[in-house]
Every structure is written in C-alpha cells, then in structure tokens.
Amino acid sequence: MKLEKNNKLVMIGDSVTDCERSRPIGEGLFGALGKGYVSIVDGLINATYPELQIRTVNVGTSGNTVLDLQDRWQTDVIDLKPDWLSIMIGINDVWRHFDVPHQNERHVDIATYEKTLRELVEQTRPLVKGLVLMTPFYIEPNPQDAMRCKMDQYGAVVKQIAEETGSLFVDTQAAFEPVLQAYYPAYIAWDRVHPNNVGHTILAKAFLKAIDFNWK
Amino acid sequence: MKLEKNNKLVMIGDSVTDCERSRPIGEGLFGALGKGYVSIVDGLINATYPELQIRTVNVGTSGNTVLDLQDRWQTDVIDLKPDWLSIMIGINDVWRHFDVPHQNERHVDIATYEKTLRELVEQTRPLVKGLVLMTPFYIEPNPQDAMRCKMDQYGAVVKQIAEETGSLFVDTQAAFEPVLQAYYPAYIAWDRVHPNNVGHTILAKAFLKAIDFNWK
Amino acid sequence: MKLEKNNKLVMIGDSVTDCERSRPIGEGLFGALGKGYVSIVDGLINATYPELQIRTVNVGTSGNTVLDLQDRWQTDVIDLKPDWLSIMIGINDVWRHFDVPHQNERHVDIATYEKTLRELVEQTRPLVKGLVLMTPFYIEPNPQDAMRCKMDQYGAVVKQIAEETGSLFVDTQAAFEPVLQAYYPAYIAWDRVHPNNVGHTILAKAFLKAIDFNWK
Amino acid sequence: MKLEKNNKLVMIGDSVTDCERSRPIGEGLFGALGKGYVSIVDGLINATYPELQIRTVNVGTSGNTVLDLQDRWQTDVIDLKPDWLSIMIGINDVWRHFDVPHQNERHVDIATYEKTLRELVEQTRPLVKGLVLMTPFYIEPNPQDAMRCKMDQYGAVVKQIAEETGSLFVDTQAAFEPVLQAYYPAYIAWDRVHPNNVGHTILAKAFLKAIDFNWK
Amino acid sequence: MKLEKNNKLVMIGDSVTDCERSRPIGEGLFGALGKGYVSIVDGLINATYPELQIRTVNVGTSGNTVLDLQDRWQTDVIDLKPDWLSIMIGINDVWRHFDVPHQNERHVDIATYEKTLRELVEQTRPLVKGLVLMTPFYIEPNPQDAMRCKMDQYGAVVKQIAEETGSLFVDTQAAFEPVLQAYYPAYIAWDRVHPNNVGHTILAKAFLKAIDFNWK
Amino acid sequence: MKLEKNNKLVMIGDSVTDCERSRPIGEGLFGALGKGYVSIVDGLINATYPELQIRTVNVGTSGNTVLDLQDRWQTDVIDLKPDWLSIMIGINDVWRHFDVPHQNERHVDIATYEKTLRELVEQTRPLVKGLVLMTPFYIEPNPQDAMRCKMDQYGAVVKQIAEETGSLFVDTQAAFEPVLQAYYPAYIAWDRVHPNNVGHTILAKAFLKAIDFNWK
Amino acid sequence: MKLEKNNKLVMIGDSVTDCERSRPIGEGLFGALGKGYVSIVDGLINATYPELQIRTVNVGTSGNTVLDLQDRWQTDVIDLKPDWLSIMIGINDVWRHFDVPHQNERHVDIATYEKTLRELVEQTRPLVKGLVLMTPFYIEPNPQDAMRCKMDQYGAVVKQIAEETGSLFVDTQAAFEPVLQAYYPAYIAWDRVHPNNVGHTILAKAFLKAIDFNWK
Amino acid sequence: MKLEKNNKLVMIGDSVTDCERSRPIGEGLFGALGKGYVSIVDGLINATYPELQIRTVNVGTSGNTVLDLQDRWQTDVIDLKPDWLSIMIGINDVWRHFDVPHQNERHVDIATYEKTLRELVEQTRPLVKGLVLMTPFYIEPNPQDAMRCKMDQYGAVVKQIAEETGSLFVDTQAAFEPVLQAYYPAYIAWDRVHPNNVGHTILAKAFLKAIDFNWK
C-alpha cells in the first residue's frame, strides 16, 4: 500500500468523479464523497486500513474539461495541499465533438488537452507524494467507433504524460474490457459514460491496484 | 467463490439493507440496489466475476423487525426464487427497547426473535443453494453498554441458528472491531446504527468473505 | 395524401411515441400530443391540409413492450375507433435483453414479439381504413453492434407482418441512415434511443412519406 | 436552399420564438431550442440536409418588444456572429396598447417601432450572409378587429424595411389565412397569440419557404 | 332586495363561477367563495345588508358543461336546500366546438343544451324561493364572430327558459357591452372568457340588479 | 364622481392594502392589484365608468408602518406621479405595542406617527389632484378594548391631518360599525385585522363614497 | 404526584392539543407529541420523575368538536387503554357559532355538548385510574364579549360533569387570568385561540397542578 | 428570581440552542424562539412571572463552535444590549474531533476553546447584569467513553471561567444524570446530542434553577 499514515488523497475529475459530492469541497459526513468510485475507494481503504487514517477528498465537477480543471486548480488542488492526487479528465473534452458538433468553442482539441494536462501535472508533481493519472474512457467495445477511437487517442496522451512525469498510470478503458465481454454497455452505463455501481467498482479497483491496495 | 453462474442472490433486512432501494423490488438500473452494502456487494461481484452473471436483489425495508420479515416472506423471498439468500435482521428488534421504552408492543423480545427467525430459516433453507445469516450490530465499542449488550445476545441467537441449519454465518459486530479501534463510532455511523460508506464496505467485505469472494 | 376528411389517426407505441403526452388519452390543447414525432406529424398535416380536419391521438406509453400494448389494446385502440392506426413498438422488447440482462422475465423474445404483434395487427386491420407499421430502431450505425443487430431482426418481423396484412410499412432504421452519415449518434439521441428534435423529425418524415403527404 | 455548409442561424424574437429555450443562449442538447417554430425549423433542416451541418440558435425572450431587442442586440446577436439572422418582433409592441391600455409607458408606438427596427436591421445587414424579417401576427381572422388592424400596420413596416434593406420577407399573418378558413382561432392559439404545434408549424413552413428549403 | 333574512343563495356554474373556491362545497372562511363574481356578490350583500344574514355558497366547477351540472345536481344543488339558486352555464358547451373541433364527443349541441337546462330548471323551480338564470357570454364585441354568434344562440335559450319558468333573467353578454365600447377584450379577459376583477364586477352587478340590490 | 378621465389612482398602505399585489408595482393583468379592497375599488370604478379610463395602482406592503411608507415614499408615490392618492396606515404602528410588547423598537408612538404622516401628506398634497386619508381600524366592537382604544386615537390623528390639509377623510372604523352589530368579529377577520371579502367590500364602499362614486 | 409508575397518559382534544402531533397516534420520537402543552407536560413529567416511566400519548385533532371525539372514541381512547385520560374540548363547538354563523349544521349547541361529553366521560371513567377534564377557553379578558361569554357557559358544563363523575377539573380560562392582566391577548394567541409557548405553558402548568406535580 | 422587570435575556449557543429559531434574530411571534430549551425557559418565565415582562432572545446557530461565536459576538450579543446573557457552547468544538477526525482544521482544541471563551466572557461581563455559563454536554452515561471524556474536560473549563468571572454556572452534564439512570440515551437524543422534549426540559430546568426561578 503506497499511501501512508494520515495522507490526504484528493481526487479531481468530471461528472464520473463528482457523483453528487458535497460543495464546495467533497468530504465529511452524509455521503459527502458522492456516489461514485471516490466513495468506493475511500470505503475500501478505510475499512481495510483504518489505522492509516486516510483522508479522501472529492473535487470532481460535472461537465468539466481539462480547461475547467485549469481554472480551478489553485483553489481545488493546490490550496488543499494533497499528499496524493488523482486526475481523471478528458471525457467531456472528447464528447462535445460528438454531441454538440456545431459548438466548436466547446471542443477541446487533443493539442490543447495535452498541453494543458501536462502543465497541470508538471506544476503539481513536485508538490505531492504521489500522483495518479487515470485515462478517460468510453464504455463502447467497438474500437472503430468514432468517439471510442478519439477517446483512445486522449487516453494515449495521458499515458505519455504519466510516463514523462513519473506518475502512476491507470488505464480505465482497459479495465472495462473484461466486463464488456460479459455485458452489453447499456448494463454498465445508460449513455456509455456514467457508470452504474459495477462500473464505478471497476474504476475503484483499477485505481486501488495502482496504489498497491491489498484486499485482506 | 461459492456463487455459481446465473445465480440469483436475494438480500433481505432492515434500513441498513434498504438504503433507498427501488420499490417494490430493488433491482435493475439507476441505483435500484440502494446506497448500502448490497450495492457494494453487487458491484464487487460483477466487476470481478462478470462471467458469472450474478443477479442481485435488495428487499431490505427500513424499520423492519423479524416480525415484519415474516409478514412479507412469501412475496419478498419465496416468490423471488433465490438461489442464495442473505438475512440481516434484529437491529430494530433491539433498538425499540431503548429509544421508545414505553411502547412495549413495539419491542421484539429475544424468545420471539429466535422462534421467528428459526422458522423462517428452517422453512427456506431447503429451497436455496446457499443461505447467509448476518448478525445485527451496534457500532458501540463498549461491551457493557446496555444496548450493545442486548444486541450481542441477539447476535448469539443468529450464530446458533446458523450452526443448526448449516447456514453461512457472518459476525458483523466482530467485523466492526478493527475500525472501532481506529475510529470513534460517530465517524462510522452518526447514530451508531446507519453506517457511512466505510461501514457499509465493512459489511460488504464480511459478507464476501463468507462466500469465498476472491479479490483479483 | 391517403388520409381523408375527418379521419382520426391514432398513434401507439412506447416512450418514443409518448413524449409526455396527456393522460389518459393524448389529444387536445396545451401540448397534449407530447413533444415527439406525433406532434410534428399532426402539426405538418393540419398546417398543410387544414381542410381535411384530421384528428390525431397519441396513446404511446413509456416503457411499453408489445405485451403491454396487448394489455391495453381494447381501451387504447379499439375503443377509440381510429380510421388510421400507426404502431411503433419493439425497442423495449429488445433493450431489456441488454440493459437488465439478468431480468429475463422482462425480455420479450422474438417469437413472442412476432406472435403478439401479428395478432394485434390481424385483429385490427379490418377495423381501420389504414394501418401503418413502423419498425423499432436503434440509433447506432454499426450493424455488428449486438443490440442493433437484434433490433434489425425485430424490424424484419415488422416488415413481414406489414406485407402479410397489407399494412403500410415504415423502415425507421433506414430513415436514420443519412443523418448517421453526417452525425454521431449522441447528437441525435443521448442514449441512442430517445431522439432530439432532429430525430423526431426524421420519424415524422418517414411516416408522412408512407401516407403520401405532400409538402406544399 | 439558401443556407450553406456550416452556417449559423440565429433566430431572435419574443415569446413566440422563446418557447422555454435554454438560458443564456438557446442551443445544444435536451430541448435547448425550445418547443416552438425554432425547434421545428432546426429539425426539418438537419433531418433533410444533415450534410450542411447547420447550427441553429434561439435567442427569443418572452415579453420582448423591439426596444428590448435593442437593449440586448450586442450580446445576443452581434457577439454570436451569425451567418443568418431571423427577426420576428412586434406582437408585444402592439398588444400592450390593448391589454394594459392605461400603462402607456409600455406601449411602443409605430414610429418608435419603425425607427428602432430599421436601425437594428441596417446595422446588422452588412454583417450577415442572410437576414429574414418575419412580421408579427395576430391569429384573428377579422381584419376590422382593432388589434388585428394595428398589427397589420406594424407588419407593413416590416415589409417596408425588408424591401429597403434587401432582407428576405416572411408574411406570417398571411401564412395563417388558410388555416383560419378551416379553424377558429382558439384551436390554433388559446389567446390568439401563442400558437399550438400547428401554428408553430405554419411559422416554420413560412420561414423555410423564404430560404428555399426543399422537402425531400 | 328580493332576498330575505337567513336566505341561502347557491350559485352554480363553470370556471367563471368556480375561481378556486373551496372543495367539496365553497363556503366559509379564507376565501372559500373563490376570487370571482360570487365573492363580490357575497361581499356586497353582506356589507350592505348585514342584518339579512345571507349565506352564499359557490358550487361552480371549472370545465363544466350543462351535462356536468346534471351529473352533480342532486349533491350540489338539491341536497344543499337553497332558498335562491343562480345558474350560469354554457360557455364550455359552446367553446369546445371551436377549440377542440375534432373532439365532437365533447361538444354539447344546442338541442341537448336546451333540453338538459330546461329539465334542471323545471325540476328545481318549485323547490326554491328564487331562481336566477344567467346567460353564458363571450367577451368579443364582433357579433359576426363565429363563437360569439353561437354563444348568443345559447344565451337566447337561457332567456326562453327563464321566461317559461318565471325565473329571473340576467343577460351577461349585454352587461359587457358598455365596457367593450371603452376597452379591448384583452383588457377584460386574456382569452375572452375568464374575466379580470373588472369583468367579474360586471357579472356581479348584473346579478345584483336582477335581485333588486340597492347600493346604500 | 370626483375622479376624471385618465386619472391615475395610487393606493398605499400595509397588508390590508397589499393582499398579494404584484411586485414591484401592483398594476396590470392577472390579479396584479391583489385580492383586497384595491381590486374591488378598481373593479367597481371601471365596470361603472369605463369611459373614464381610470388607472389604479396598488403599492401596499405587508407589515408596513408609517415609517416604512416614509422610506419608500419617493419611489412608490412621488415617482409614480399619481393624480389621486389614498393612504391607509397605522394598524401595525399600533399592533406591535400589543403583540410584541417587549420589542419597543418596533412600536411607533402616536407623536412619531402624527409627525411622519403629516409630513408625507403636506409634502404630497400639492402634487396631486386629490388625496384620501383612511383611518386605520380594528375589528373589535368594544371601545374599551386596549388595542381598539389606541387605534381610535391614531384614527383621530388621521382625521385631524385630513382637516388641516383639505384631504378627503374616510373613517373606516365607523364603516365597520353596522356589520359589527350583525356579526361577531371572527366572521369578518380571523385576527380582527385582515378582513374577508365582506370586510374588504366595506373598505371599498367607504372609499368610493368619499369620491362620490355613483352605483348605476 | 398522582400518576404512578408505568402509567399511560392519553390526552385528547382539538387543535390546541394536536399541534402537529404524529399520525395516526401521537407518541414516540422526533416531536411526535406535537408542539403544544402535551409536549411540555410530558417533558416536565419525564425530566422530573424519570423513574416513573410515564408514557404520554397525544390524540388531539385539529378542528374537532365533541361530536368528532365521539366518532373516534373507540379507536383513539378505549383501544389505547389509558391509565389516565385528559379531555379538553369545546372551543370549536363554540367558535363555529361566531366565525361561520350561517353554517348552523357546524354549530354544537350547549345541550348537545353537555349530553355528548357526559356520555363519553361516564362511559370511560370506570376504565381509567384518573380522568382530567379541562375547560375550553378563549383568550379574551372581557367577560361581556359574546364569544367569551358563551365559552364560559361551556366551561361551566365541564365543571359540572367533573363534579358529577369525580374527575379532576382544570379551569384553563381562569389559568389565563394573571397573564391577561400583564399582556394583551394578541401576545399569547394571534387569534385568541391558538396559544404561543407562553400560553401552552399556562395550560401545561394548570394540568400539572391538578395531578399534584411537584417541581423539584 | 434574579431577573428583574423588563430585563432582556439573550441566549447564545449552537444547534441545541438554535432549534429552528427565526432569522436574523430569534424573537417575536410564531415560534421565533425555536423548539428547544429557550422556548421552554421563556414560556415558564412569562407564564409564571408575567408582571416581570421578560424579553427573551435566541441567537443560537447550528454547527457553531466558540470561534463562530467570536465572529458574530458584536452583532449577536453586544449590539443587542442584553441585561442577562447565557452561553452554552463547546459541543461542536469537541464533536468534530470524533466525527470528522481527519479534518483537523475543524477541531477546536481545548486551549483555543478556553482562551476564546474567556475573552468573550471577560469582555461582556461588565456590560450585563447577569451572565450564565452552561457547560456543553454529551448524553452518554459512560464517563470512559472517549467523547464524553473530552466533553467533560471542556465542561471543566466552563466551570473555571464561571468562577473566575463571577458568572452563574450550570452543569448541564450533571443535570442529565438522573434521567440517564432511568433511560437509555437514545430515548433522550437520537445521536446523543440533540435532545427531545424531555432533554430540553432538563436543560431549561437547570438554567431556571440557576436564576432562582420559583415554580408557583
């Protein structure tokens, strides 16, 4: 287990991270961590390693692209002084090309995505003990699907930046593969983006594997 | 892993099981399994063993005692034809002695509790492939506390019935011990009964251990 | 234009037809026809042929399969004494195989679908001046996709029954092809099932073409 | 078809245009274009000419007069950089003389109406590829009716400005004539102003005719 | 003043009478008489003749035609044992021909209207001390307007029945004439049917004149 | 009738005047004048003298004392440029002495009341064609009642100021006398302050008598 | 203290007793006893004599007269098997004569009141250990006030029945006298009927005095 | 009785004091004092000593710690010019250590608590006639319980400051002892913090005893 006693883990992202977390900062009682993978991650860590006293904070925000993360990076990441940080961003960056194709001012192209994400990671890497980069994903098994195809390209950018910066890398798209052999996407995610409890558990397990979580 | 391909797992109980599940039967899309341990169990099983195609059904109902289970046993258990069944009941049976001490018609004494639970288990054991009995619990570390003390007695009844009937046994009270060494009860459960995400994960892990779930 | 003066057109189906129509019968003022293709069809007919005094009635119901139509056929079709009837059913019959794969009691297999739809059409054909059968559809361009594939099979059943019974036939799946060459599915329908205004216009145009509507 | 590939069409007006569009700008998913003629226009264009990739934007605002348009012209028209612009304004300018006759500060007299509308059109005509001026209307067949009479005068102003500025002209009042021979106004519009689906289709068809839309 | 000490006045009708009265019977405190002419009538009578102790009851129901009155005549008129009864019905009987022209089962033709109203009046006349028949109305000054024209015919039926049965007669349509010379209909009633405070005062004054109310 | 063609009548006061009027200024369609005497006054004037085209404006505000009127006098009276103005204030000035006896900062003593009201009237009298001063009232028949007694003293101040300034004077307390001989206060006003429809009609009639309204 | 260990005290009445108690029976957690004197009585008894384990039940119902009590006496009193019973009824029996003077079917005259209350008390007296009769009251200091006067007569009936049946008697009207010398009624009860916290404390103290409660 | 005629009593604290009081200042009609001990205190004082005309003000605010009191001390205490002041604070200061153990920025340690409370008391003591310091409490009978233990330490601080400053001291924790011998905590307070009516009465009685209240 890579996290150490009293570490603070901040998890940032879009609606897949958000899941109705509390505002302005998602932590504390009464479901403040939201209903998604962040809550599962925190539950499994604290149930398994209560002695570590890990503090989990959810700062995912629905609809966010990497440019939105940049806008709130100071208050929602730097000011929170995390020991560990996870980032999962890019779904909306890609999706807007497909669901509102005419609104090109809402599309984040791959160059902008890469440049922005790299800056955020490079700026933050020295400030934290650990940084986990999770790819965006699309719960569509057909790799020729246009949106899946583009999502894979953005995922490759994440992998590249993780390698450059010595961050831990989580390939969420790959994590969905086994379940997509057994189930059609509509079972996991009504719109192929927002997962049900099974999909969120897949994300949580992929993250936990990266930090050497040990199920006891 | 004791569950087999296409098995249907029905989980019954009180508000700790319910957690805002769908009505009349808690299964399907959009959080139908509720926000508690049933959802975590289902998520972990289907994320880990998607090929087993396990079907999970939540029929917990807030406020229920063992007498309420008896009233709806035909429709909510027998008619659903489960392969596996889990039962976690007794918290309200005990609690009402303490929070509404004058309303003795709402108290389920230990003899009634034992007799009723035994009848339900004995009647159902032959109909299912597996039956899991989970103790009620009280998230209070002091074993001299009056309500904790009584809860332990009801838990002992569950253990006894499990042994008699060859059911799997889950000691939820014991499962909370390690976390109660690290945390005060108010962190796990505002009222020492309704757990947060960490507490529900503890319940889910205790159940999964009983069915030989293997974290991969 | 096949419809004649004072004809009553009843349109039945599932949520794609329903679109928040009024209850119990969808007709009259204040958006009673709902927000989907039924309203567009009625608008175009009455704006273009006001002298025909066509009466349109929407009896679509969200979530319905062909078995649900059968249950309410007497009150929602026969009792309304339509001159013309349109039927578009089958999306949920197929979809439930994929989004709730374990709940097989909610799956309508193709044999049941065919038998039930044929009975309804054969029973009703003699009672009406015209009957229009519209295929179910799935806004997914990949014909190898598992759910699209099955939907096409159900669509073929509709075509077969239309031919047998001398009903007009509308291939809605084919109608979506041109727009799917220009747009990704998420633009037309967030979940590949419930269309936006463009998708509903495609459905309306396909229906209108079948009844020889002439845009003036 | 006068609109060309990737053109952006902005439609401004009052409540007849608004119809519950999204704020601040009406475009995108989930019914953002509202429930009126703008949605029908967009639906028919994109269903018929998907390859043109036309982007439609609704900036109608309930209750607006031409003076309100002037106030928000910079942000709601100029800043949006439309290729094509449609304007339908004047109903409230006229109506307030009749429904709140004592509140003369809310009446827009015909001189003010003409001067303001001309300025807006002249200022904007050079910035766009096409500009469509639609008359206000009143769904009352009796031309001697006092309010219909005044509305016709405002409509004549629109025609005059369209001719002066080389804008396309849509006579919406005339478009309602055929349907008013077949139906009483209360069928089309409860208050003779806000149309039902048939009335909005009439408006959409009148607009589409002006831009040489071809129903295929 | 024709009403005498302790008389009970029951007023029945449609939405113009109803105006959000209390259910099931409109009488008592807190605006139970609704916001329309019934409240004004009661206010003026009790403010002017408090010593008469007049009891007013509103049993108007929105959307009613004369056939609906017939259905509830026993409970809402006979059982209440009125000393005086007023009836104003017919607006919906006429209106439905125009706003839902295809739904002919909702149209009450003039023969049915006359027969039904005559039966109700003849049956009730012997049971009460006074009976006031008020015409339906349409706040449209043009007597050639199709709906106004038909409304006048139904009004003539009311006059005929009043004369036959010795009932007091109130010509509400005539009562609106002076105000329609000064104001456009939209000032009095947004939809030419449901009056504002001025229109309801006109109705109240017309009724009060018929019962020889004397403003002191 | 003292009001003349096109006169604007502004009526200011407290909750008895307010009665859910529109904000910020109470005039126009859809019950904007509220449900109290202002609406009745406007209804009777415009129903009886439609040719005068009287414009009525309600600027009563619940809870106001004379000090609150002073605070908003510029915007709610002067800026509206009334031809006629009515003022009915003082109920809360008195009432707070009795219902919140300890909160003396909320009590308006009679000297402050007199000084403030006189200033407002003297300042405004030259700006208007007519000014009507209405006393506050308390619907309690016993003149020895402590609150009634004090209310009468404030009423006497109003009379004095009316005489000094040549304003029309309305003694609302006296107007309630006849009805209080026939009815107990609870029938007119649940709390002896907020009248029902009968009480508001009494107020309206008292006002109308002062301006020589003639019921025709 | 007259109540003994484990006694059950049922308190029945109208809205003064009800005060938003739980349904169908007012007892248990979360404010189930309502916000009035019942809650204060229970609070003071259990805070002062916790060892007595007194169980308090509120079955007051807003708007009730003695006739309504009679209708629900079996379920709401007899079936609950009280050791002690308190009854405070009569306010609505009297009030309806004054606030809805024309609705005489809602008035309970004094003979009916006396007969009904006597029957209930006589029937129940043998079934309970103690019975407390509380007079209705009217928070009006003037004994000549018409409603106060009538209320005193009903109060006298209660006293008479208490004496006949050996019930404890609480003169609530007298209990309000001292506070009415210091405060105007509007401070205690906005409408002279529904008390604030001070008024409810007066009622609670009067009741407690009757049962020999001793403040320690 | 230590309070004197016309004294103003201000009571400040956290949610136990707040109990849904009015905003911004809790005083006046309609339950403005909230549903807790402040309302009971005020009710008992004014019902027992109406001639003293005591004014009670509730400025408790849910969730407050002593640091929050400090922030609003000027507006919520000093500006209100109390004659008497009561302070009950510290529950949240302690609780946050236990229910959100990782959020140490929300913990108020005992040194900070003592320093801040002392400053507030010392600053205010000279400004008031009487000052009552009430300990925070935890409704848990086991003195070895970790949170109870810490609460007792904070309570000891309050006692120390009371002695230093000549303030009246109320030991609320001790006041709960007798009732905790008869009842389990869950009867008094669901979460061992927020009392029911019995618990609030205990608090009120403890306060009243300190000011020499005499139950008559």
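Of note:
Going by the order they are written in, the chains are A, B, C, D, E, F, G and H; count residues from 1 in each one.
The criterion applied here is as follows: contacts are C-beta pairs under 8 Å (C-beta built on N, C-alpha and C of every residue); 3 or more make two chains touch, one makes a residue touch a chain.
As the structure is a prediction and not an experimental result, all values here were calculated from the model.
Chains making contact with chain B as well as with chain G: H. Shared contact partners of chain A and chain H, listed by label, are B. At the interface between chain G and chain H, two copies of one sequence, more than half of the residue numbers in use appear on both sides, so the contact is built from largely the same positions. Remark: chain A and chain E have CA centroids separated by 67 Å (rounded to whole angstrom).
If you average the CA atoms of chain C and of chain F, the two centres end up 62 Å from each other.
Chain geometry summary: the mean Cα position of chain D and that of chain F are 45 Å apart.
Taken residue by residue, chain F touches two or more other chains at 29, 53, 99-101, 183, 190, whereas all remaining positions touch fewer.
By the definition given earlier, chain contacts exist for A-B, A-C, A-D, A-H, B-C, B-G, B-H, C-D, C-E, D-E, D-F, E-F, E-G, F-G, F-H, G-H. Residues 95, 98-101, 142, 144-147, 183-184, 186-187, 190-191 of chain E are the ones touching chain D in the complex. Within the complex formed with chain B, the residues of chain C that make contact are 99-103.
Contact residues of chain E toward chain F in the complex are 29-31, 33, 35, 39-40, 42-44, 46-48, 50-51, 53, 178-179, 181-183, 190, 196-202, 205, 215. Of all the residues in chain G, the ones that touch chain B in their complex are 6, 8, 27-29, 53-55.
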